[in-house]
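Following: one structure in structure tokens, then a few remarks.
Labels for the chains are A, B, C and D, by order of writing; each one numbers its residues from 1.
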Amino acid sequence: MIKAGIVGGTGYTGVELLRLLAAHPDVELSVITSRGEKGTKVGELFPNLRRRIDLVFVEPDDALLKDCDVVFFATPNGTAMKSVPMLLEAGVKVIDLAADFRLQLTGEWEQWYGMPHACPDLLTEAVYGLPEVNREAIRSARLVANPGCYPTAIQLGFLPLLEAGVIDPQSLIADAKSGVSGAGRKAEVGILLCEASDNFKAYNVPAHRHLPEIRQGLTLVTGSPVTLVFAPHLVPMIRGIHATLYATLTDSSVDLQALFEQRYASEPFVDVLPPKSHPETRSVRGSNQCRLAVHRPQNGKTVVVLSVIDNLVKGAAGQAVQNMNLMFGLLESAGLDGIALLP
Amino acid sequence: MIKAGIVGGTGYTGVELLRLLAAHPDVELSVITSRGEKGTKVGELFPNLRRRIDLVFVEPDDALLKDCDVVFFATPNGTAMKSVPMLLEAGVKVIDLAADFRLQLTGEWEQWYGMPHACPDLLTEAVYGLPEVNREAIRSARLVANPGCYPTAIQLGFLPLLEAGVIDPQSLIADAKSGVSGAGRKAEVGILLCEASDNFKAYNVPAHRHLPEIRQGLTLVTGSPVTLVFAPHLVPMIRGIHATLYATLTDSSVDLQALFEQRYASEPFVDVLPPKSHPETRSVRGSNQCRLAVHRPQNGKTVVVLSVIDNLVKGAAGQAVQNMNLMFGLLESAGLDGIALLP
Amino acid sequence: MIKAGIVGGTGYTGVELLRLLAAHPDVELSVITSRGEKGTKVGELFPNLRRRIDLVFVEPDDALLKDCDVVFFATPNGTAMKSVPMLLEAGVKVIDLAADFRLQLTGEWEQWYGMPHACPDLLTEAVYGLPEVNREAIRSARLVANPGCYPTAIQLGFLPLLEAGVIDPQSLIADAKSGVSGAGRKAEVGILLCEASDNFKAYNVPAHRHLPEIRQGLTLVTGSPVTLVFAPHLVPMIRGIHATLYATLTDSSVDLQALFEQRYASEPFVDVLPPKSHPETRSVRGSNQCRLAVHRPQNGKTVVVLSVIDNLVKGAAGQAVQNMNLMFGLLESAGLDGIALLP
Amino acid sequence: MIKAGIVGGTGYTGVELLRLLAAHPDVELSVITSRGEKGTKVGELFPNLRRRIDLVFVEPDDALLKDCDVVFFATPNGTAMKSVPMLLEAGVKVIDLAADFRLQLTGEWEQWYGMPHACPDLLTEAVYGLPEVNREAIRSARLVANPGCYPTAIQLGFLPLLEAGVIDPQSLIADAKSGVSGAGRKAEVGILLCEASDNFKAYNVPAHRHLPEIRQGLTLVTGSPVTLVFAPHLVPMIRGIHATLYATLTDSSVDLQALFEQRYASEPFVDVLPPKSHPETRSVRGSNQCRLAVHRPQNGKTVVVLSVIDNLVKGAAGQAVQNMNLMFGLLESAGLDGIALLP
């Protein structure tokens, strides 16, 4: 059994990680930390975990964490980077669900996240944990930067087109919509039920921190910088991301459906729907699947890709478990076979 | 492997049964019928089941069903009773998720359901599938009447009090609230999102078909007729039942918390919360748990019990699987260890 | 034109008061205060009021408030009582939408609200602003205690029965359900969309501050203490209260429908539905109406009353405007003729 | 008083028209027809209208309708065109809220709506009722084709850019999101609460009937055909449309904010927000306002316009009343001063 620790397990990413790890056949949860909730039983804070997880939140404790085989950070940005070097040195593998290791350039990271980076040397070692792109590198990684939720949905949608070179990489538009859990479990007025339900709005259209992450990932594919307009929106629902992607086709003869099906034929967690489909976020609610559909309206020059994930699973905790499975040589889908809850 | 068939799998009870059985370690789904959707792939109608269930809906076919070890009916009321005698004769065990076998008195059934009963002799043979009351009888049953959703939540809440004789059985009030999935997957104006969301209302206060079912169950416990006022309400959410139960205490010295904890100490699917708790429906979303709390406001003469279940799981498909497990000598919780999705 | 001021207009009660007063034919909004938002334009905080209200939030300022004809307090409990004596002395009429003047007994107030009262002598002068009970007293009041949301819905439902003496006043149960806006516009985790949507739960069953307020109001009607069990619940919707009321009939010959229709025949804001009806909260969304229905299930000993209001209108800002209309001799329904938004 | 009739008032457009006309100072509602609900009181079907509208639904009756000054059609597509010639001949003005007169080319209409047109000669006479474009023509029109909901939000967003000639008319993308009421009050499985809530999806990406309507409107502005990709999505909320519009700038020196502010400076129902704003659908819930914001992310070549309306008001019934006001020489905003309900 792999001994796993979680740092900062009181947010939505944390409780989802707990749900998945509690049911994972090869994992033993050995420690979960939280400064604010120390002494609280997990099942008291998250009643869905009553009778399933007996752990109590403890204060962060280096000795306990060093005793783990793997440590997940489900902390705010800027926290993991302070402890990761110590853990790596102790031989512990680390998966960071925050953004501390997602960007490779120190300057870019510091600009977008507004603080100095505590261990810039690790930025290049960290492997970006998108298995559909970096599977082999993940297998041998000590440190995995788990991708953001929007970046996961958007990159999986653009990848086949960019890899095949059939779109203009300067024409990318990602109109993305997220459930409110993407904003985290924070006491903020803007995400109260009375503010966010029965309502729809865009936010951060001028700039969103996931923009450089997506651009970096797509640029690695094309080999040259891409231009991306990224407009995120808040949907009055709990879970789910729906990315609607637009790009200008440069090769109008390509069979888009075949391109997508072939690219993802052997992927356990990417499901290409039949032509003319419209994936729904609820079809992945609670599951690690990404479902995709590709359209070419009016047979015009613009390709439209629809991509859905559960932001807390394939967009966070599920992908983290998928990465752990790869890092420890387990079956990639171990503990990830939950079927989406519908309705 | 147990060969299971489902008749009428296109409703919410059906898709939930499919989700649970697809992941059940001891079951092989062999046939699923639907007149309306014959020829449709299961994964086409319910995209959460893509890549997990390869079956195609077929027309009801006696030969295919007779070849099963167990057949679940997830059909409208009045359908199962037409086929059950034939299946029992063929040695197939049957679990009816509709109401055809829930009442023992033919006259009462015909009055509440407005049609003649096709096999009244089976009404007395059928075992009412509430394991917390009838576990041993279910083990040896050929035919199980799976309880209704409200009756499950309400009976589990009143049982400890009635069994202990500490409340006046003429004073029962069940103010119950259900998510909209309880109304089924039917094209009806009243359950459209635009009619039922951002709204709350009672319905069927003069009379609801679950009233005689609950009264029958509680009367079996007390040995004499109970008086119950039952007021159901529609909650703008998908899944979940919350029953708020009121009764007049006849023994004011009873330790209510201890009474509930002892009654359910060994039950795998009933969880009594600590004193002063308020169970939430989301704490059981997608799981087979019932969570209960008991209160005595102002230390007065009225006891208040709060009882939550997922109407599609413990209130329907999950309880059906629990009954199947008992009928076939499997681990009672096999295939039912899914943790509730929260948030 | 009546010059009106609002103290503390940044909550949901405040914005609703602004919406109603901005359209009131006889009112001129002259000042609105908020420490936290001073300098912010009203339309910036509440974009629905753009182009309709040009005011800017200012710091509380006694001189400005004294210059008003009426001041509304939409502040947290314990704030109004500090300024009310000064305003009354200056000849300003005051309507407090918080709880500072709702209880008549100082000791009881201090026990439930956990602080000393700043002007206990005004507790007896303050008129409880439920026009259906206290219309004449309100007309001549200097200080009106605007009722709580639950107390409004519950008292209007019980009143006809208690006034007629046809129920046992020791048998009252109020199972009440509120939309989340009842909890206010506060940054708290429990009312985040991700915590409160797709969920249902009871809360404060052991004790809720509206309990003594309701008991006080009902006791004034009966002349002797009533016993009330009050169980509030949180509904995943924005606005609306639905109270389901139970009581034991002492006179089984009473015509309940006629009793309710006669009691409220001339009330502009209480609408008794036909027999067998189930009022919906959305039928009063944004309006000052209370809609009621009365049932006697199975013709038994228990009467069931269903009562709905919009907690922010008849349960707060609308009732405050209704009280202002009475206090200033205006048409009671002035500015309150908005039709509920449905769907 | 203007005598108004409504044909087909049982849908969401109908009830919203009733709500607005019941409060309109210059209108007397004289007849409302519905085959299915004939004999039903309006307040029985729509309880928000109890005590406000005493009418009873009657069967369509030419004599009654001919006696009106104006008749609104809130009927399914293909209905109005059968009666309009008769009414116009009788001197009655007509406003069609369906699509019968929205396209000018008979062939195009018949292709998209799949039936022959009953009075193609009227297609060119009908005035497209978007006051911000056609105000003068509407004033003198006998027959107004009330725009679709998506077309209203999208055209108002693109108009300033196309009129000023600062974008490439071949580069238009409209990623639009609608609340579920846009689908109407129809008994269909896809818009049940359990199907559409806590979910997000695109639909009709290959082709939607509003596409030719939007193209026609924008082409009239530019004078040459535009290319538009239109991707509609379903949002789990009741009311509201949010259109996110993308286009390639051809003039990178234009002051976009000033352009929008000047274009709509004197429009009573178009509100341009300050720079960096994100309009919310709830800020127009129940009101006739359209709120717009314009962005240029990363100062790049793509302009992003955010446009919100209430699909049932500015996108249907409110715009119809605005058109009526113009046709009868009333104040354009008469009966349309309701403030959006927030929260």
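Throughout what follows, contacts are C-beta pairs under 8 Å (C-beta built on N, C-alpha and C of every residue); 3 or more make two chains touch, one makes a residue touch a chain.
All figures in this text were calculated on a predicted structure; none of them were measured in a lab.
Participant: Give me the chains shared as neighbours by chain C and chain D.
Facilitator: A, B
Participant: Which chain lies the greatest distance away from chain C when centres are computed from Cα atoms alone?
Facilitator: A
Participant: When the contacting C-beta pairs are counted for A-D and for A-C, which pair yields the higher total?
Facilitator: A-D
Participant: Provide the C-alpha centroid distance between chain A and chain D, rounded to the nearest whole angstrom.
Facilitator: Here chain A and chain D have centroids separated by 39 Å.
Participant: When the centre of a chain is set as the mean of its C-alpha atoms, what distance in Å lies between chain A and chain C?
Facilitator: Comparing mean C-alpha positions, chain C is 45 Å from chain A.
Participant: Residues of chain A touching 2+ other chains?
Facilitator: Chain A, residues with two or more chain partners: 12, 179, 181, 185, 194-195, 197-198, 236-239, 279-280, 282, 285, 343.
Participant: Which chain D residues qualify as touching chain C in the complex?
Facilitator: So the residues of chain D in touch with chain C come to 12, 15, 19, 22-23, 46-52, 181, 185, 197-198, 238-239, 271, 273, 279-280, 282-287, 289, 291, 337-343.
Participant: Which of the residues in chain C come into contact with chain A in the complex?
Facilitator: The contact residues of chain C facing chain A are 12, 180-181, 185-189, 191-198, 236-238.
Participant: Contact residues on chain A for chain D in the complex?
Facilitator: For chain A paired with chain D, touching residues are 173, 175, 177, 179, 194-195, 197-203, 205-207, 227, 229-231, 233, 235-240, 242, 244, 246, 276, 278-282, 285, 295, 297-298, 300-302, 304, 306, 308, 343.
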